[in-house]
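We just call them A, B, C, D and E in the order they show up, numbering each chain from 1.
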Amino acid sequence: MGFLDIDNVTKSYGAVEVLHRVDIAVEEGEFLVLVGPSGCGKSTLLNMIAGLEGITSGEISIKGRVVNGVHPSKRNIAMVFQSYALYPNMTVGQNMTFGLEMHGVPKAERDKALADVAKLLQIEQLLDRKPGQLSGGQRQRVAMGRALVRDPDVFLFDEPLSNLDAKLRVDMRTEIKKLHQKLGTTIVYVTHDQIEAMTLSTRIAVMNGGYVQQLGTPQQIYDDPENVFVASFMGSPSMNLVKAVAHVTGNGAGVEVTGSDGAPHVLPLPSRPAGLTDGQQVLFGIRPEAVTDGEGADRNAQVLARLVNRIEVIEPGGADTFVTTTLSGKDVIARMRSQTTCRPGEDFELVLNMDKAVLFDPETEQRIR
Amino acid sequence: MGFLDIDNVTKSYGAVEVLHRVDIAVEEGEFLVLVGPSGCGKSTLLNMIAGLEGITSGEISIKGRVVNGVHPSKRNIAMVFQSYALYPNMTVGQNMTFGLEMHGVPKAERDKALADVAKLLQIEQLLDRKPGQLSGGQRQRVAMGRALVRDPDVFLFDEPLSNLDAKLRVDMRTEIKKLHQKLGTTIVYVTHDQIEAMTLSTRIAVMNGGYVQQLGTPQQIYDDPENVFVASFMGSPSMNLVKAVAHVTGNGAGVEVTGSDGAPHVLPLPSRPAGLTDGQQVLFGIRPEAVTDGEGADRNAQVLARLVNRIEVIEPGGADTFVTTTLSGKDVIARMRSQTTCRPGEDFELVLNMDKAVLFDPETEQRIR
Amino acid sequence: MAVAEQDTAVRTGRITRTFIYLLLLLFALFYLLPFFVMLSNSLKPLDEITGGNMMSLPREWTIEPWLAAWSTAQIGVEPTGLKPYFLNSILMVVPAVAISTILGALNGYVLTKWRFKGDNLLFGLMLFACFIPFQIVLIPMARMLGLMGLAGSTPGLVLVHVVYGIGFTTLYFRNYYAAFPTELVRAAMIDGAGFFRIFWRILLPVSGPIAVVSVIWQFTNIWNDFLFGASFADLDSMPMTVALNNLVNSSTGVKEYNVHFAGAILAALPTLLVYIVAGRYFVRGLMAGSVKG
Amino acid sequence: EDVEVLHWWTSGGEAAALNVLKEDLQGQGIGWNDMPVAGGGGEAAMTTLRARVTAGNAPTAVQMLGFDIKDWAAEGALGNLDSVAADGSWDEVVPDALQNFSKDADGHWIAAPVNVHSTNWVWISKSALDATGMEAPETWEDLIAVLDAMKENGITPLAHGGQAWQDATIFDAVVLSLGDDFYKASMIDLDPDALGGEKMVEAFQRMETLRGYVDDNFSGRDWNLASAMVIDGSAGMQMMGDWAKGEFLRADQVPGEDFICIRFPGTQGAVTFNSDQFAMFKVDEGQDAQLAMAASVMDPAFQSAFNVVKGSVPARTDVPNDDFDDCGKKGMADLADANSAGRLFGSMAHGHSVPAGVKNAMYDVITAHFNGEFSAEEAAEEMVNAVQSAM
Amino acid sequence: MATDTPDFRTRLQDWIPKLVLSPSLAMVLVFVYGFIAFTVYLSFTDSRMLPSYDWIGLENYSKLWGLRHWHTAIANLGIFAFLYISICTLIGLGLAIFLDQKIRGEGILRPIYLYPMALSFIVTGTAWKWFLDPGIGLEHTMHLWGWESFEFGWIKDRDMAIYTVVIAAVWQTSGFVMAMFLAGLRGIDNEILKAAQIDGASNWNLYRRIVIPLLRPAFLSAFVILAHLAVKSYDLVIALTGGGPGRATELPATFMYSYTFTRNSMGIGAASAVIMLMTIAAIMMPYLYAELKEKK
């Protein structure tokens, strides 16, 4: 039994079930990220934990106490909202201590808690301003401060960074990560940005259509996706998925793809998945960083496949250059070093790190292991 | 003389000058990105090109014709807005042909242009919908379609992707890039996202406080920043900048930084910048991807410096892992392979690719070459 | 080379602008004319009115009519002027406006932030109530007031005005609060604030613009009401408009038009004041709340 | 004890007159709660009254006209004044035509009449009349001659305000000028033959004739602005009830010198009247004050004092005429004569000949005709229809 | 296992909103819907001066529709409502558009346009009556100023008088409508206007094709407010023309009042009130429906 237990929880609006039997146990100090596309039910689940939405069936318990039907303010949770939800009429200080005030904490104690948290987040000089006078990043910090000051059992974050611009988002991400490492609190965090999910979490629940598709550590999710949805949702640029035909010979195996010249190429696999049969139609998945030029290829890889193919688009990204080519009629993105010598329209030798290859059944979209 | 000339252009609102003597010549078919933090004057400059803002002094000419004071509709430009600015009361088709209609293009021709562009953007099935019934990505596409259908001399984009979520943004980015490659039109594109700037542009103008800080190809801007602002603005995570002391010996040179143990380390430079003197205080800049573990280091680098240092935070990002450590009292982020073995709290050997090191004068913040 | 600068998204030429200014001024004249007629005639002696041109400025200026209207004109058997009724009106308007605005705010709050099954239907019922012609409620309302013991009293009038005002105030506040982020309410709930505390501490402080609209609307309507005032008031609760009507509308007596006009302007002063003082926020409030239809 | 009085006497002279009563009652230790609601010749006050009665909050005494009293009596809402009436022997001093409105169906006194306005007056500018060189008209033909002459002199012969009740006021007089019997049959008994007959057509034709002497600008004009036209000499005459005199007096005009008052030609000796009465409502407490007020209203001194100010004549026929001016004295004498000759008729225009519904139905036809919507024949026909549907 | 068993405080919190709403709801139910029911009932009785409870079926309705004035009133309402609504909208929209052009002195002009809304017609009726009166008002003044042929006597003209009512009504409310449109205009995204300019729309096309269609919600609000004011119009007519000349400016509201209160035909008055209510409902229902559906 975990610190926060989500036990077989279902949510329906009227006749529509928007969450289907969700089952997650969160340990104390864990950083669980719920990630998934818009409308998949992340916020709904988070709101149910917070007590802002009723639970249709199942149980949620915090520290072993079933909290179904308990008022949000009695659950000892704190929440940071996407829009920050700062009270526009109160100063930053008042915003942060409002919750304590509502819980009848005496002024002296409130002030102390406020001072501590303000120091921690380096927002001491902002305490007398109104939210309207703050920048996006500052608001975000205040919203976190408001949660921290309560010292709750569980922190809930609903896309707290999605209103920030790219640069600030990266900085705040690191800050949240540090905070978690420092305070060791239990966090449930919603985002639809998979990079955030990967960098922040200790565990990720990838959701889609009201189902938890996969629950695991970031590395499991990234390297070992259960199905096509998880594979393509996580990672940016996302995993290349191309139609291929399996070749199985004894213990060895490979996949056959069509190059840009229309000729078939067989790419060897490091081992033969048990579920693979010869001639089977598969989806061959490989991440962009596993498709490189010769120089950039991983020196420790067991199996590297080489393939000359036509280059279509080059997008220099500073640190890396993204190269688009075509396999089996589908765009494939390769991530290369910024010094790469390939040019659009030319043929170029690609190196594929087949250790990282994954195969899916095109029908069920499930992984072939 | 370029295709689009911005010649010594200044903009003032009342007494406040918000753009200072901007000078950019854009060639036909170029993809110029204006990038910079919020409020730096990007939109103002774009609006001046479009004719939506007056020009305080200087000249803008398109195809050799000075357009100061020419009505926006007479400049043969098209613009895509951040909010897309689709007319909510018209269908997609009407939205796209409104401009043609206003220019008195006959119906038959309009329909043909519409059909062509709709096909190009794959929005044929949306033509009869109202903008309210479209998803964010679809709206974006329609906004582009509206610009394309006019077949203008210059396309202006004002942060066209910033309302999309991360995943869609990446996809649309590639699409715009492809479109540019296919059509070869001249584009001026505003964004504050430096990744967009890097991947899309043929040239970038980095702006700050109304000044163009640097104008150059993405690779120039990334590898060869003129000043601290450009260096730290471009790249994500941004360039590490730590205080250091220059050591100059004959033709050789190095920078001395303080490790996490407090001890000084001298990092050798591949060559001696002419402007560097011994003992000079400098800002030593190095990009995260040039700080790695031994395995991940660039095999072609001339000078690699090694340094054992305490690791603070690990952020697995799927394809890469970001590692935070401290040099000269400042956080330094290293980008490592996802298989890296380092752990938070432990000492670890970092390898720095000193070919990529850049030095700045801490006073003037200008590059020391 | 510099071109004329304009921040407007829409540009207009010089001729067009001149035309626009002319038109706007012309309309200003149109709106001001009746007021001019009232004002100039209120400053004339009576014989100059009955015998002369009503559109002209006074030949002989006098403030007598104003003094008379305020303190000596005959309203009933006593020559009290409008003075005492002014207070009656204030005593009626202030609570009625306050109560209907607060109820409207609470209703809007419930209807947007604490939604429940059928809330839209309830709102529809309330909204339709705005459109009932007042003449038809006169008799049944009198009966109800009698049964409640409120007939002929200021509280009775306050009740009547509240009843027929909450439809509008609810509409205003509902539309306004609909745009107010629900997340704020949720945050306050998690912070431990209850229903009223959330309203009081979170919503009310930001309701300024729409409160202005609601207050202006209600104040104008209630202050200017005659029908209810005449039907449900006693002498000691009789509002200003009824007194003004008595001043203006005597049937077989002598008509002192100058006093009538002075009284009319006096009676309208509070509403004019409200419009001038709060009018600045009126468009803003409308923008924030009531135009989203 | 207090009385609460609902009335619409709010203009300066009226209120001052009423103040006489108030002070009289205060002398007896009875307080006066004033409840004035002006507008539309008492219409607004009647609406208020209905609301108050419905609310169970009826005033003690209410100023009322004609059939309204009978209607309220029929609702059983009015109190009984028989005791004071007996003490003051009202039966003897109040003209029968008035008593008709002051008593309920069973003959109990329910209201105390304050005044009698006679409505068949013509107010003529002396200078305008002198300019024609003619005498004050005595017959319809005389009247037309005078009006024609005035027209030739370049003034508006007839000052009139186009409001339904003003149109009807003239109509009353015109009908009466065609004979007492005709007036009684058509305006009081509502005999369809009379309403739609030859004489009615003639009455409407006379209205058309009079319409020819009214300026184009008459519609909606207040009656007192019409009076002002006579006063300043821009119009020759006005046909209006005796309250118009107040306007003349206030303009410092002297009866007989600056203006003269005559009965509508052809109605000499007959009087159409309207009478303000105080109807006494059934109340739970304060009956004594109510009765005292009724007694005071009927006190000859009050009747004299009030009517001198108001311009009307006392409802009692035994009040001394010392304080009245020429017109007032003539009015009192006319009233007494008409009463004794049986030529005192309730005014249709002022709600003393038919109930309000019928009155308004007649207004509709009269006004429509006066404004040219009907020919005389059509109007007579309409009259029958309107009256029938309003009954 | 369905386990939503809220604690007391949560359950209380569930009830408070409904409790807060209930007084308003109760008031509306009794004082509006109760009274409407009562009026409907009265319309089937032979009530004359005071309510009576003798059922006479549809007689009042047949009488009502037999009355010439009722037809006049209905026809007048048609003319009045149409002109009033369309002119107010036109002027309000025009003024709002003009005032939105960064006009100097907007701060002064706006209250001038708005103030008539603040005055009761008891107050302004007389002023208007005089102003429109050819003998003393505008026409007279024009004659004094030497424009002898000027004629403006509508208020005295049976066929035209209803238009003077329109003028005064427009005067009173068009400023308010202006404010609503102004608010609507200020809410339009600036980028859309920029886009239209780049698309080459002239100012005329910009407003005709883009801005005015975007003001739909403001149009709707304005229509609802104006429509109900038109149906309720009473003071205006009484103060300005008293329903005259003749009965030429009778409106349903004045008709209803006079039958109920001055003609002692409460039954017919109630019947006319029911017809008015039905008219209002017919106008409002689609609006309410749209309003409530959209917000779902």
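Just so it is clear, a contact is a pair of C-beta atoms (placed from the backbone, for glycine too) under 8 Å apart; a residue touches a chain by one contact, two chains touch by 3 or more.
Here the structure is a predicted model, which is why all the values come from computation and not from measurement.
Subunit A maps onto subunit B through a rotation of 180°, based on Cα atoms and reported in steps of 5.
Contact analysis places C-E first among chain pairs (by count of C-beta pairs in contact).
The distance from the centre of subunit A to the centre of subunit B, each centre being the mean of the chain's C-alpha atoms, comes to 25 Å. For the pair subunit B and subunit D, the distance between mean C-alpha positions equals 93 Å.
Averaging C-alpha coordinates per chain places the centre of subunit B 55 Å away from that of subunit C.
Subunit A has residues 71 in contact with two or more other chains.
Residue positions of subunit D with contacts to 2 or more other chains are 40, 47, 50, 54. Residue positions 9, 13, 50-51, 194, 197, 261 of subunit E are each in touch with at least two other chains.
Residues 4, 8-16, 18-19, 22, 32-42, 44, 47-48, 50-52, 54-57, 117, 222, 224-225, 228, 232, 241, 243, 246-247, 250-251 of subunit D touch subunit C in their complex. Contacts from subunit E toward subunit D in the complex involve residues 48-51, 63, 66-69, 129, 133-135, 153, 155-156, 158, 161, 241-242, 244-248, 258, 261-265. Note for the complex: subunit C touches subunit A at residues 181, 183-184, 186-193, 197, 201-202, 205-206.
Considering their complex, residues 38, 162, 165-167, 170, 173-174, 177-178, 181, 192-195, 198-200, 218-219, 222-223, 233-238, 287-289, 295, 298-300, 313, 315-320, 322, 324, 335, 337-339, 344 of subunit B touch subunit A. Residues 47, 50-52, 71-73, 77-79, 81-83, 85-90, 98-99, 102-103, 146, 150 of subunit A are the ones that touch subunit C when the two sit in their complex.
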